[in-house]
């Protein structure tokens, strides 16, 4: 199993957990859990593969779908044990975001794409699964939550991989650093409220 | 006309009717009817073709677009005659769902894809047109309506085709059974409230 | 720089301005501005390229991404100077819509696609970036605003290009006419309330 397959598997499984948690919030039935889990799990990587005109990753290896299904069932039967499903959702999403960003960056680097494309692939692969989950489930997308870092962490993670690569580090290490940076920044934002200044119009306005 | 073309045509026309009904609810103008009808009509099949890296079905045969346009006009001029547009929408959506699930399953079987992929293609082709319709029109997606079977019917329909295929039935019969199973399950849910237990957290919670 | 590249660049830059204006309304941070600007900017053209199985335009030329990023920063630092951000958003969106419709039509004509496909490509390329912007940002999509022309202007613009082509005009002129028609119709709708009759059910109903 290569580092890229590993990252894809990690992102799929953990994003599926988050999709199922959102399904529990919408009080769906068990098939709804599996649907939303799978959509979230494969959304970002599917977009990446469509954009790069590669074979979609889960078509080649249906075990990804099995993994998403198992994650959905685990949540279906255990979510009631959680102290706070919302908090669990945020933290799992942070872990999935890190893995998915690294998976997007890794594919783009292996395809020898230019650095702006690598950044976009990292951010898009990381964020689109969760974005589709939130749009379909009528939730406010995590990327819109004010006073939190989200897209920024994906961008910083992607950038970290590129910088590490410049320093001659091996690809797996670069990708691990990307995942870690993304996760730690997001964790800092969740735990300590790290953020960037939000846009504020100087005077109050009607818009 | 092969069975697959027939199913695609049926799904396009009936999904277009549902898109136009949603447009009538949003009080759009006639071009808005055509837009939403077309989006709904070709959404699921387009996703299927992009995922499988096939030529998008309506690019090869623009008659699909004409068919969606005609459906939109029919609804524009006759929707006021309906007793209940919402009820009509649900029943037409059920019929379109059945055709689209069978169309997705059929393409996946012909491409000799493995069974988990066949199931996903059935469900995705069936549900994404309606999902895009509801998301764009700011409606609660049908898949989220509580106490109803929706994704489950698509999954059961896809599974039926696979089982029928194992029993050696011809593909057109397998696909007809898939469409019928999907439609009948959805009809039972609409008419008699058939459903699966929804997720309910044991104690009341703040999440 | 060909006319198509020019149109893509114009659409990307101006749509990015609108994405950033919506980000200002959602009070995102600067990275959120860049994210929403880029999504809006490349959304329509990306869909067009995926549907037509061409290489996605910004993968080949990352300068599009730079252009979207610069547009986002301009808005981030100057939006507070605007009299009305909402009005600015509408007018910029009209200009971007015109360019994007022409870009979609141009690519479809160059690929020698049939006229219904050309119309769909014009409308889809024109409208999907803004649609994704509004769906992701939880805004009511512009295409749903009642009493305004939106999709109609894109359709009329696409049609204009096809008619001009029949009269033997050169492609760049046809595309300029498409962009102009789209923009002027949308401008007329914004300034003078031009519209098509909306669907109104005869009697009041519960649906």
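As written, the chains take the letters A, B and C, and residue 1 is the first residue of each chain.
The criterion applied here is as follows: contacts are C-beta pairs under 8 Å (C-beta built on N, C-alpha and C of every residue); 3 or more make two chains touch, one makes a residue touch a chain.
Predicted model, so just to flag it, every value in this text is computed and none were measured.
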| item | value |
| --- | --- |
| Touch-based graph of the chains, sorted into line, ring, star, complete or other | complete |
| Rotation, 0 to 180 degrees and nearest 5, that superposes subunit A on copy subunit B via CA atoms | 120 |
| Interface composition of copies subunit A and subunit C: same or different, split at half | different |
| Distance between chain centroids, defined by C-alpha means - subunit A, subunit C (Å) | 28 |
| In subunit C, residues with contacts to at least two other chains | 50, 135 |
| List of subunit C residues in touch with subunit A within their complex | 23-35, 38, 46, 50, 55-56, 58-59, 62, 65-66, 76, 79-80, 84-86, 135-138 |
| Subunit A residues within the subunit C interface of the complex | 50-53, 113-114, 116-117, 120, 123, 127, 131, 135, 140-141, 143-144, 146, 149-152, 155, 195-203, 205-207 |
